[in-house]
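Each of the next two complexes has chain A plus one more chain, namely chain B in the first and chain C in the second.
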Partner chain A sequence: MVKEIEKVMPVVHLATVVPISKTVGANRIVPAIAIPHPLGDPTVNLKAEKQLRKDLIEKGLAALETSIDEQTVF
Partner chain B sequence: MKLEVGDIHVDALEFGSVSTVEGHTVSINREELTSYLKTLDNRLTSLELNIARPGESVRIMPVKDVLEPRVKVEGKGAIFPGIAANGNEMVGCGRTHVLKGMAIVTAGKIVGFQEGVIDMSGPGADYCPFSDKLNLVITAEVEESCTPHEHEAILRKVGQETALWVGRMAKDVEPHEVTTYETKSLAEQVIENPELPRVGYIYMLQSQGLMHDTYLYGVDAKQILPTLLEPTEAMDGALTSGNCVAASDKVTTYMHQNNPVIHELFKHHGTRYNFVGAIVTNENVTLKDKERSSAFTTKLASQLGLDAVIVTEEGYGNPDTDLVMNCKRLEDAGIKTVLITDEFAGRLGESQALADSTDRAKAMVTCGNGNPVVDLPAMDVVIGHLDTTDHIVGGYEGSLHEDGSMTIEIQAIIGATSAVGFHNLAARAG
Partner chain C sequence: MSIRVVHYLNQFFAQKGGEEAAHLGIEYVENPIGPGVQLAKMLEGKIDLVGTITCGDSWFNENQEVACEGIRELLIQTKPDLVITGPAFNAGRYGMACGNVAQVAENLGITTISGMYPENPGHAVFNPYLYAVETGNSAASMRKALPDMVKTVEHFLENDQTMGLPEEGGYMPRRVRVNFFAEENGAKRAVDMLLNRLEGKPFTPEFDMPVYDRVPPQPAVEDLSKATIALITSGGVIPAGNPDRIESSSASKFGIYSIEGLDRLEAGDWETVHGGYDPVVCNKDPNRVAPVDALRELEKEGRIGKLHDEYFATVGTGTPVSNAEGFGKEIAMHLQKAGITAAIMTST
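After this line comes the complex of A and B, so read on.
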């Protein structure tokens, strides 16, 4: 899906297993937290989890705006 | 470490008034065992025992786990150490008796969605390594208020306690066949047969959580750092399955007790290679855990001075990354690897077989593709619940037909593509 979207617009692959993102050919990769909960963390309190999620999304948005020449892990 | 495994060959399993092992016949007092099992947890609402024999028109589903009845006769500990009562000693030494030819199967309402089918006859039986066993099947249900995790834990306990209860019947029986497995202390083992390559086994355990779990001496494998395992410890039940991962490549407790890689490595030990031992590692859900476990595994393999290893993976998808990481790190450390895994390459085998890849993987053995579709005819008797067909992995809307027949991917069949090689599929006869 990442590769199809990239044909028409920049895309960030926000996923836990970076090696798989690399293998499938994603260009902008943002590492996520864990496979069952990529944008959350059940071990922290709700406030901290919200902040964590916000930080990851902002990191993703920044990656979208960043010009790259090669596969990049942010 | 020396373990004598005494097999009592079972060719008949029946219910009777007393529980005995006579010659090749195992007789079980159904009421006695049922009553005992019902005491194991007060959240059990029903529990039924049935026997399914090879060739019968019987379908068992959804199956959670398959176990082999064994008992410690000499030596410390108990089968399923860390779980069984009074079983907190190390196992793998002494003598163990096995009721060979029969199995304990746990079934009942679906817990997750990754439980499978055992057909005792017909085309489904060709794919399942347990269709030729005499199966004692426990169909157990629990209170509606139980969470899926509680449900799984209760049925896991019922399966293990049944295997222990039946296994104990073999304690004073003279086995038909005894095989001795021996590994020495590391100091001795590593220098034994110096002309032969030192070979180890990297034993990857499913540990993703959410009911994808394996236990080592009762410890949840997601919480372990990779560690050394005497191969004979597996035979005594040191590893138990708590997972509901895809039926075809879940390593059931029975497969841990009879791991074909370990048995094959023992077979040519001292002639073709020096089998030094096994390293168990996990398949966790964070990248940090995956990297740490793979690095730790490689360190242990290097410490053992291994020249080559066989690596098996349980499950598919993200654990493919654990497999690939292990391969890369081990090869970088100068240790040759052979990887054993099954594939999910689409129904016609046209898709990428694994989710990750590396050009360092020079030798791989496939256990088959889990995606091809088979038609399984209706069976006269269903033990369990047929209505789960559309919801198990490998099933889809419309899988179950009105006459009770089903069309499913072979990944829905227990052990069809077993990732430790405990399966029937082969590219050629023999």
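After this line comes the complex of A and C, so read on.
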């Protein structure tokens, strides 16, 4: 899926299982938190969790702003 | 004792002519022709090449049903123990004809050995019926193709007229599963493989891993504050009730849902149907998988220009690569039409 999208525009893959993301050919990869909640963490309070989520997306946005020549894990 | 073999050739290799003879119908002659003469010589005493079926490539493909019926009748009359077709190299119509012949033969319980270039459509379409030896892409490789096919025929003869595994029989894998009793159970074989791998020794996987190609990276986004960003997930977060009935595993579709004006995905309104992980944490707050709340805040803060009104979701677990590729293509088309700058995809 991610590869077909990369053919037409930059896409960042926020994925928990980085080896799978690599295998399927994502070029910009940001490791996520856990399989059932890649962008959340139920063990912290909601405010901290939201910040965590924003930080991860910020990391993804920074990846989109970065020029790369090959598959890169940010 | 030698076995009865019938050979199939197109008009060109049957020496009837080139494209101008491609409309010729089926003929049967009781002797080897062209490459068949060579095959009969190389397998002298082992096979009795009793006859050759020839047909024009265009005629065969334009009259497939009649052609197959004709082949069937000829095979019933000539009663071969083995059919050899081609080699067809990368000739598409010829490969398709060879494949059709193999399917007819298979239905009569007769094995077919052929020779094809791996990309010949006849191999892709008919490969369950066909034991095709890999050849080069043109007749220039005949000199190598025939000895390779001879080896496969010899293997068939020495192996009680069965083909065995692809690497033993020297043919291209047919993508069919064949049951057999292994000497050791799966756990032992897997551990042995792992130990060999850890020790750097050679090992043979029992399952072919798919080959993935790569796409060159797109250039960076220059100004995100003017960009429209689309959100995609394979984590299965969809509107409650699953309006599109997306499957929990091996998804055959994806959904497009409006998130226009939503500050977040509310629990109860949205849920995951992904069958591969515990949904409790996600269902309590679906933004943990599809982070609409955080993206909306970043939009309000001006970090990104806009979060796209349409959100795309499917279930990633067990989904065949070919399906996922199709979803990706369609989503990419939507995004392009909508003038999206870049996408964020989340996966569980």
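One rule holds for everything that comes next: the second predicted complex is superposed on the first by the 74 of 74 C-alpha atoms of A that agree within 3 Å, B and C clash if a C-alpha of one lies under 4 Å from a C-alpha of the other, contacts with A are read in each partner's own complex, and residues count from 1 in each chain.
Just so it is clear, a contact is a pair of C-beta atoms (placed from the backbone, for glycine too) under 8 Å apart; a residue touches a chain by one contact, two chains touch by 3 or more.
Small disclaimer: the values here were computed from a predicted structure and weren't measured.
*Asks:* Would you mind checking whether chain B and chain C clash or fit side by side on chain A after the superposition?
*Replies:* clash
*Asks:* Return first, second, both or neither, reflecting whether A:V18 touches chain B, chain C, both chains, or no partner chain.
*Replies:* A:V18 contacts chain B only, not chain C.
*Asks:* Could you say whether A:K54 touches chain B, chain C, both of them, or neither, answering first, second, both or neither?
*Replies:* After superposition on chain A, A:K54 lies in contact with chain C alone.
*Asks:* Count the residues of chain A touched by chain B and by chain C, then name the partner with the higher count.
*Replies:* The partner with more contacted residues on chain A is C.
*Asks:* Would you check which partner chain A:P31 touches, where first means chain B only, second means chain C only, and both and neither mean what they say?
*Replies:* first
*Asks:* So in the superposed three-chain picture, is A:V44 touching just chain B, just chain C, both, or none of them (first/second/both/neither)?
*Replies:* After superposition on chain A, A:V44 lies in contact with neither partner.
*Asks:* Name the contact category of A:E6: first (chain B only), second (chain C only), both, or neither.
*Replies:* Touch partner of A:E6: chain C, not chain B.
*Asks:* Go through the superposed model and pick first if A:V73 touches only chain B, second if only chain C, both, or neither.
*Replies:* neither
*Asks:* Clash with chain C: which of chain B's stretches 62-70, 224-232 or 332-340?
*Replies:* Of the candidate stretches of chain B, chain C runs into 332-340.
*Asks:* Touching chain B and also chain C: which chain A residues?
*Replies:* Comparing the two interfaces on chain A, one with chain B and one with chain C, the shared residues are 16-17, 20, 23, 35-36.
*Asks:* For the complex, give me every residue of chain C touching chain A.
*Replies:* 212-222, 224, 232, 234-235, 277-282, 284-285, 287-289, 291, 293-295, 297-298, 303-304, 314, 321, 324-325, 327-329, 331-332, 335-336, 340-348
*Asks:* Quick check on the complex: what are the chain A residues that touch chain B?
*Replies:* Touching chain B: residues 16-20, 23, 31, 33-36 of chain A.
*Asks:* Residue numbers of chain B touching chain A in their complex, please.
*Replies:* Residues of chain B touching chain A: 208-210, 285-287, 290, 318, 320-321, 324-325, 355-357.
*Asks:* So in the complex, the part of chain A that touches chain C is made up of which residues?
*Replies:* 1-17, 20-21, 23-28, 32, 35-40, 42, 49-50, 53-54, 56-58, 60-61, 64-72
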